[in-house]
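Which chain is which? They are A, B, C and D, in the order written, and residues in each are numbered from 1.
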Amino acid sequence: MAQITSLREAVSGLIQDGDTVALEGFTHLIPHAAGHEIVRQGKKDLTLVRMTPDLIYDQLIGMGCARKLIFSWGGNPGVGSLHRFRDAVENGWPHQLEIEEHSHSGMANAYVAGASNLPFALLRGYTGSDLPKVNPNIRFVECPFTGEKLAAIPSVRPDVTVIHAQKADRRGNVLLWGILGVQKEAVLAAKRAIVTVEEIVDALEAPANSCVLPRWAVSAVCHVPGGAYPSYAQGYTERDNRFYKAWDPVARSREGFTAWMERHVLGTEDFDGFRRVLAESQKETA
Amino acid sequence: MAQITSLREAVSGLIQDGDTVALEGFTHLIPHAAGHEIVRQGKKDLTLVRMTPDLIYDQLIGMGCARKLIFSWGGNPGVGSLHRFRDAVENGWPHQLEIEEHSHSGMANAYVAGASNLPFALLRGYTGSDLPKVNPNIRFVECPFTGEKLAAIPSVRPDVTVIHAQKADRRGNVLLWGILGVQKEAVLAAKRAIVTVEEIVDALEAPANSCVLPRWAVSAVCHVPGGAYPSYAQGYTERDNRFYKAWDPVARSREGFTAWMERHVLGTEDFDGFRRVLAESQKETA
Amino acid sequence: MTTPASPTLDFTATEIMTVAASRLLRDDTVCFVGIGLPSTAANLARLTHAPDVVLIYESGPIGAKPTVLPLSIGDGELALTADTVVSTPEIFRYWLQGGRIDVGFLGAAQVDRFANINTTVIGAYDSPKVRLPGAGGAPEIASQAKEVFIVLKQSTKAFVGKLPFITSAGYLDGGDARERAGIPGKGPTAVITDLGIMTPDPVTRELTLTSVHPGVTVDQVREATGWDLKVSPDLKTTAAPEPQELAALRDLQARTAKAHGQSGGGEG
Amino acid sequence: MTTPASPTLDFTATEIMTVAASRLLRDDTVCFVGIGLPSTAANLARLTHAPDVVLIYESGPIGAKPTVLPLSIGDGELALTADTVVSTPEIFRYWLQGGRIDVGFLGAAQVDRFANINTTVIGAYDSPKVRLPGAGGAPEIASQAKEVFIVLKQSTKAFVGKLPFITSAGYLDGGDARERAGIPGKGPTAVITDLGIMTPDPVTRELTLTSVHPGVTVDQVREATGWDLKVSPDLKTTAAPEPQELAALRDLQARTAKAHGQSGGGEG
């Protein structure tokens, strides 16, 4: 049953070192504030799951929070590489990072299977790709009716899923809309779920058949307006494309990255603090 | 690509004798007008698929259109038995009816698998039930990761799916809302799809993330206001509960049923005609 | 309306069955509701002691709060009052199979001494004496809800020693047969009838009469049961419906009758 | 802006690549669009000769009609202009795997002579020289769309004789290898670059240069290719962009730059 609480409390109470954690959001609604809070609290040995580990995971990986990454596309969308992710994979900095690599279809199906309490996902996939050669978790099963060979991959069942959404009501029911990605499945596949929201309202006023996560399917709801920044929340904020471009030089060097994280994340109390310091540093470079 | 056409043309052009046909709608949006048109055109040897073969399939079975029925719950909701369905199964009238029987979960998963172009559906199901003893299409597979035993049933892949929806636009894009049942999956699992609608509008004005079937996923759109009667279309019509109750005595005897179908369905040109004659016969019995 | 449970009582046998069933639902419970008696009992709970019970119907509504009882599993009232309406596959896949249902609330045509349910056929499957509607959602509700309540009227036709067909699993052959079959949920923890309440013996899992409704004798219950019904040494008498329970139930049924021209629903 | 394809021409190499790619999309085609160059080309087609092309993005929008180019695969503009937005699992399960996509429009880091795609690593998988972003949606788009167009700039780094890693299948080892592997879609029917267009030989399935862009020589294309590129005996010269094509493309990019402060997107 959802508790309405601070993000600090939610991360500290619900995410343990060693957990499997999925922070989801497909370009839209990426829970950046929660990612920062995980960094601030120095969580360790996490198995991070995410279809598109973009800046949010570049930061978590570069800060040494991750032991393993399960993913399907790791880049800075529209810009290029994730330098911290690459440094971890290519050079083992700050430490070795185990990777389990899938296609988007595989990951999406694995979340669906997790939400459905199935041990594996069944799909037509990976045919002709070298991915099954490097990922022993891509196997093949036979249809008991036609004999066809189909791909099978383990379900994703995170200990904790974290998402950002537009609205919650005062009881903790959550509404999101627009580009939904795999968030509903990621929440329902997880043992615990943290949702940061743009606003908390008296009544959701959800249209028919919209994406609602009832309060009893969520562990914590945290009011963090703008908490997807530099990603966006449709109807509330715009994507800051400049930030994505500016991230590229920041993350290129270990020193530059570390200094940036120390000033903007470790040196701030919360996401509001981060936004204030970021505004200052953006003024400096402008 | 959707053609906007008459229901008569759609049924005559798209449904062939011997086809596997799913008319779906979960209490809400049952395509009764289309069912009548199938009866009027004397379609034969159909494999009828439907989770809840209620009055619409009682009529098709009693009129001899069906060779086989794939289903999970066959009753008159809130009233009792489907007498024509029972007479076919218990006594082979008007001829033998082959049945393939599932649970709702099985059927729902089989539609999902069909829409996903998978040969079979994977679910946790049927455990402890006698259904697998009487349905050879319920089998079990092993998880290649955990060794767990899971149920497997063949996908539903109809030749034609028929549904009723609230709205289409002039290009044939379809919008439905409220209780959605398995209609989207049933349409996407099928080779061809017929949609009857309450109204055809200039613009759908679909809310974010609503259930839209794009025109290129639909074969024919037919304007049949009230075409779900005695079922309903939320926002347009109300369910006629009296009709469901009145059906029970009509369908109890072969003679009563046949006379009713001859007068109300075979003796009418189309669904408007049916509604007119029904109003007359209701006045007589009132 | 059925006949009064006893000439001296001011409630009917159906009313106490419904009230007794509703009392088992606790607040904040997530309940997968069958249409008919289960739906009446679950909504009564919501309108009395369990305002935050979450009602899920297999047609798709999650968190339905109907003001009148639905006559069908897909009444518009369920959609209009729900927190959200999802597809039927999603209900079965993410919410039921996903392990998020606390209580499955089922009706039945027949039950046996181990609370297995038949809703398929009377007689042989291939040449049935009576073809019943079939499984519906029950096999997976019975196996995957964390626990199950069954509500039906008691008679020797309904309470039979051996079922012609097990549609939905209770405790199978009793003992640990259910666990051995790998069925996850706890199974039926109560069968509520118009005469009393039966609960499974903790070891044998055989249904045992643990409560009789006011004005009902143990012999009456045994006579309405198709096997030699065990009776708990600790037999209770069900508390009579409180005035506010009865008032809420009758209001609900009056509203329903006014809206629909009949009182609320049978199977399905 | 890249350099002009030739000093005497009034369009750039990127522009003719985009225009040539866009021309391959026919009206009413259902197209699964990758971000970056494929998205630019697909939207140009929609704004010129194929107003009813249906654009599907893996983030969920179906029938997107953006007025400015998306910089990310999940831009709000895609959602706001779409016929509907579904979940990402639904995109991959019902629409792509369901067999409803006519054309998959992909970018790539590297392709080989049989139009296989690498977007995973340069070097060994376990100790990569360059770790690329990875598969994304491409393996299943490449196998399940009815046909595939690949658009990327031509260079010996990108067009390599043997890929270090096959992320997404083209024709595998050529000939009928793709069919033998049980891959349903027809595969890549065109690779469009800034220099020309390559299509698979009908028998060997080896990419063959079938068109060079105006001002480009065959030798230039061969020099930019990491294997001994076959040239069609029937080699064409790509028609230069029509003024209305160029105008539409430049308008689109100007609107995009104004809205986003940059022109439209790279991979991702």
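Going forward, a residue touches a chain if its C-beta (ideal position, glycine included) is under 8 Å from a C-beta of that chain, and two chains touch if they have at least 3 such contacts.
Here the structure is a predicted model, which means the values were calculated and not measured.
Chain centre most remote from that of subunit C: D (centre = mean of CA atoms). Centre-to-centre spacing of subunit A and subunit D amounts to 28 Å, using the average Cα coordinate of each chain.
Centre-to-centre separation between subunit C and subunit D, using Cα means, comes to 58 Å.
A straight line joining the Cα centres of subunit A and subunit C is 41 Å long. Residue numbers of subunit A whose C-beta contacts span two or more other chains: 112, 116-118, 123-124, 178, 180, 184-185, 208-211. Within subunit C, residues 79, 85-86, 93, 97 each touch two or more of the remaining chains.
Remark: the chains found to touch one another pair up as A-B, A-C, A-D, B-C, B-D.
If you check the complex, the residues on subunit C that touch subunit A are 28, 30, 54, 62-63, 79, 83-86, 93-94, 97-100.
Taken together, the subunit B residues at the contact with subunit D in this complex read 1, 112, 115-118, 173, 184-185, 188, 204, 206, 208-212, 214, 216-217. The touching residues of subunit C, counted against subunit B in their complex, run 35-36, 58-61, 71-76, 78-80, 85-89, 91-93, 96-97, 116, 120, 125-131, 133-140, 142-144, 165-169, 172, 178, 181-184, 260-262, 265-268.
Taken in their complex, subunit B has these residues touching subunit C: 26-28, 51-52, 71-82, 85-86, 89-90, 101-105, 108-109, 111-112, 123-131, 134, 149, 178-182, 184-185, 232, 234, 238-239, 241-242, 244-245. Residues 116-120, 122-124, 137, 139-141, 143-146, 148, 150, 152, 154, 177-178, 180, 207-211 of subunit A touch subunit B in their complex.
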